[in-house]
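See the structures that follow.
Common to both upcoming complexes is subunit A, partnered first by subunit B, then by subunit C.
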Partner chain A sequence: MTKRRSPWVTLAAILVYVFLYAPIVVLVIFSFNSSRTNVTFAGPITGFSAEFPDPRTSVVTASPCGPFHWFCTLAGNRELINAARNTLTIAFTSTLISTTIGTMAALALQRYQFPVKTFSEVSLYIPIVIPEIVMGIGILTLFGALFRFLNASLGLTGDGRLAMGIGTVILSHIAFSVPFVTLVVRARLQGFDKAVEEAAMDLYANEWRTFWRVTLPIIAPGVLSGGLLAFTLSLDDFVITFFTTGPGATTLPIYVYGLLRRITTPELNALSTLWIALVFVAVFITQRLERRAA
Partner chain B sequence: MLQRLRASRDRWLGLVLIAPTLLLLTALLLVPLILVVITSFGSRSPDGNVIYTFSFENYLRLVGITAEGFDPLYVEILWRSVWLAVQTTTLVIVIAFPLAYFVARAPARWRNLFLFLILVPLWTNFVIRIYAWIMILRNQGVLNSLLGWAASLVGLPFQPLDLYPSAGAVLVGMIYEFLPFMILPIYTSLEKIDDSLFEAAADLGANAVRTFLRVTLPLALPGIVAGTILVFIPVMGTFIVSDILGGRQVILVGNLIQRQFLDARDAAFGSAASIILMALTLVVTVFYTRRFGFGEEIVKA
Partner chain C sequence: MPEFAVELRDVSKRFPAPSGEIVNAVRNVSLQIRDGEFFSMLGPSGCGKTTSLRMIAGFELPTEGDIFIHDKPMGQTAPYQRPVNTVFQNYALFPHMTIGENVGFGLEMKGVDKAQRLTRVRQALEMVRLPGYEARRPRQMSGGQQQRVALARALVNHPEVLLLDEPLGALDLKLRKEMQLELKRLQREVGITFIYVTHDQEEALTMSDRIAVMSGGRVLQVGPAFEIYERPNCRFVADFIGESNFLEGTVREVQQRTATVELAGGLLAYAESDLALTNGQAVTVTVRPEKIGLRPYEGAQNVYPGRVEDIVYIGTDTHYTVLLAGDQRLRVREQNEDPYSRPLASPGDAVTIYFDRAAARVLLD
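Our next item is the complex of A and B:
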């Protein structure tokens, strides 16, 4: 039986793909722009020179890195490197913790009966149905009040005062990503055949050993996708970070937002291109790993 | 006896496993929400702190009732946000449907690639995607250059269009940001449809339009509902898209809240605005899912 498909559906699908990719193509092309103002594309940088051009020149004609001039200037941008480091620190730490406690929560909800079960299930849905900005200002209000109280009662002054920073961002990121991890891991646990575990127990494996040798390997793909989701959410988050961050804890999205309100150069495009490339590679690798695990 | 021992052990294990998550969610979601509710009844002290009182003044101000009479400023902001969210969601459904259908009916070996291609734009950063649209829409940007080039080919005079910043740019940005969140759920429900249903419809003499209205659309409804919730809630609460693509002209409830907290330093009023925002999204979500439940019954009938 042949599937009939109207050419109109194909055409519409192609147009939507164009819509999805046009901005990305533009971003990438303009990262090779020779014009510093970056409004129109003035052609790529073609020449090579021993020294970096004067940062005031409006059109860059030659650079030690040739066409990759803007990628090279990125490497010397301290603000940006700090932001990148913060972003990765936050993403790794929050992913590690939220994946661990989220998996534990999924096991608890799927396997056991305990007093606060319904309450837990309801509170896990909160971050999914509530606008991020409400969560953001809520956490801001909480930390604001808490730090004011602690600073006053402990008599902290000057630099010793507690303030918003990388710690508060990490905590908030864990809070909004745990529910997603739990959801994904629970989905995996639902298709779980308990007989395998019982078999392990019959063979005298204790519960701990059964978990590490039987349960975890089986639910590993779920844990991995949950972790990947948490990592992506953390990397991409703007709103909650915006309200919970402090001086010295700028992340890449916050840094880019700051630039957008001032002047942008092709350096920002180079950053975007690099970002897209890295994400592409990361996703490619995880897909490979998942396929091998399956 | 053994069974009771087992049950109590299960209870403890469950509690221990859920404890970290529950503590965190309570401390960083529930307590903050309660704080926001309490703050929303307070008022602003002259130095920008919150005075905790119990007054409905902030809410009255939001619905336009002030000592000087009716002031529609905030009602307009709320209405604009809801209307923009409705427009975005509707357009996103219209744009997402053909693509989701295309992918769901594509040969199985191609499907994963097509899905992957939908996800890639999502992995570029949210803020970077807005930047891309500035590059396209601005006065001498990519779109105007292309239009100018096309006009010069046919020999027409061309004036660059004022596309950015504008309300239209905000709408385009919102659609772009949230489109994948609609495509994926619609795809999921379309993919489940058995081919034999289409054959049956054709055998019974249904034409393409009728098949679409009576078979495809009702079965895609769960996906559309899920997608609507995934798109509508964030659109209502986002403030960066309007802030940047609207050039501070398009003020949505998200912008209002952000400014109350950071520029105006009136946390009490900002909290009241976020409670209203939360109420609006909850009302829409509940209304929409209820209606969908009703719709499902019609399909069954």
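Our next item is the complex of A and C:
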């Protein structure tokens, strides 16, 4: 039985999509802007030239990369490349570790009864609802106090001192990702039939082999979507990173924020476009995995 | 060669319930299961069958007592180190593996090389009549087929004992009957000891060499089907297996193996008994409905007048409910030998019922 859909529903749906995607579309279009100031769209760059134009040109008409001029200048920006590398290093490392910890936590909460279970469950999910800035301040205070104490008691001086940097950013990203991974993996585990693990053990597989050959393959889609969530969270985190980063550990969001305070150029839009493309790919993969698992 | 495939010595299992109290799932169970036997554990839901089986498999450890497999004490031995395999109630096939990988899993874990594994998997699938299904996935198979795969996956390892937990529970009646025969055939073919858990008495009676009837975590009686049926040792067994009449009374006289029991309304029942009874002891006399007749015959020791209360025609038989003196009711089952299935009496008719001394048994509870 099909029901006639009211035209208002269609209209509402269209409005929602416009509302959601209009900024993104504008952002992408402006990454092809020929005007450096990027206040209005002065048309795309149409010409090709052998050399890059003077970086001070206000309206770029020709470039070796044609319309993709700003993407090319992006590739030559050392600061930015550095920030991108930091971001990816942090994202990959924290994703790997938080996915492992989160999955283990989900498995433990799923199958064992222990005295502080309710407490550990609630305390695990609290970081999700706490404002990020509170978490950021908390982590900053903790690391600050800890490093002061360690530096003093171990007598560390100069460059040998413990300080904020990529390590503290990774740790803080792990901290805020674990609850999300746990949540996603637990949802997956709801339909998990414990009997298959017993069947594996019955068929001579010890705990270790049972986990790798049976448990993990079955919950893999959940672990992967948890991991992808952690990855995207880490990629675009600003607040907590802002509090825990140090010299030489600038990430893309921090870098972009810094640029914004000076001047915005289409280069920034080009960067965002690439970023959005990456996120789209990640979301697409997640969706595919979810569908395959269902 | 050890005498018993599996032995349970005074095994108990207690679980802490979430509410804080203790659940006595299995209480002081002792069982001796012979080599090559088709042994069933029969009892209503919650009586501790699964828990007993899981303790043999090693998924649970006994709170008290010991389990021996071919005389080897199992102690804390992990499931993967026990020479038994299990067929789970809902099959528990590995959803991410093909049928071939499922069946070959045990052999792979044991380190059997690939060529030999493939041969044995093929043979096992042939044995359960699923030849050539190696490449399928569990979800592409019907319930009955998955059941066979689960069987093949266990049997391919040639376990010393095969444990089956209500393996046919999820199948429809027709398929269940088919699989019952199939299981029995397989068991004879491979000669492996089967320990079969079921709450279906008919299933247990048709398939088993011996049956242990369980209730409330205890084993009440162990024996072959006919013994359980014809000589139940307590009221629960008599009631749970088939249908029984129970008449309460007091022992008046015991002579050799015959007890005279005075029932309500002054009726005297003669029943066979090996029990040490004393005069004046309160007992129950049990007799199966099909062993009571409405037709007179030579030598029936128990003969009572009564009145038909109710008649139920069920095709092969007709069931009569007969009211005796002292407000006692007996169910009587007569075979419909008459081609016109004319009942022997109508409701309200006065009748006389007859049964043998040997058909009646004395129970202490």
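By our rule, the second predicted complex is superposed on the first by the 278 of 294 C-alpha atoms of A that agree within 3 Å, B and C clash if a C-alpha of one lies under 4 Å from a C-alpha of the other, contacts with A are read in each partner's own complex, and residues count from 1 in each chain.
By definition in this document, a residue touches a chain if its C-beta (ideal position, glycine included) is under 8 Å from a C-beta of that chain, and two chains touch if they have at least 3 such contacts.
The shown structure was predicted, so the numbers you read here are calculated from the model rather than taken from an experiment.
Of the two partner chains placed by the overlay, neither subunit B nor subunit C lies in contact with A:Ser58. After overlaying the two complexes on the shared chain, residue contacts for A:Ala200 are found with subunit C alone; subunit B is out of touch.
Looking at the shared chain after the overlay, A:Val134 reaches subunit B, while subunit C stays out of its contact range.
When both complexes are overlaid on chain A, the residue A:Val256 reaches subunit B alone and has no touch with subunit C.
More residues of subunit A lie in contact with B than with the other chain of the pair subunit B and subunit C. Legend: residue contacts after superposition of the two complexes on their common chain; A:Thr157 is shown touching neither subunit B nor subunit C. Touching of subunit A by both subunit B and subunit C, each in its own complex, is seen for residues 113.
Listing the residues of subunit A that touch subunit B in their complex gives 1, 3, 5-6, 8-10, 12-13, 16-17, 19-24, 26-27, 30, 38-40, 101-102, 104-105, 107-109, 111-117, 119-120, 123-124, 126-127, 129-135, 137-142, 145, 171-172, 174-175, 178-179, 182, 232, 235-236, 238-239, 243, 252-253, 256-257, 260-261, 264, 268-269, 271-272, 275-276, 279-280, 283. In the complex of the two chains, the subunit A residues touching subunit C come out as 113, 193, 195-196, 198-206, 209, 213-214, 217-218. By the touch criterion given at the top, residues 7, 10-15, 17-18, 20-22, 24-33, 35-36, 39, 95-96, 98-99, 101-103, 105, 117-118, 120-121, 123-136, 138, 140-142, 145, 176, 179-180, 195, 199, 208, 229, 233-234, 236-240, 244, 254, 257-258, 261, 267, 270-271, 274, 277-278, 281-282, 285 of subunit B touch subunit A in their complex. By the touch criterion given at the top, residues 18, 57-59, 78-81, 84-86, 88-90, 92-96, 105-106, 109-110, 153-154, 157 of subunit C touch subunit A in their complex.
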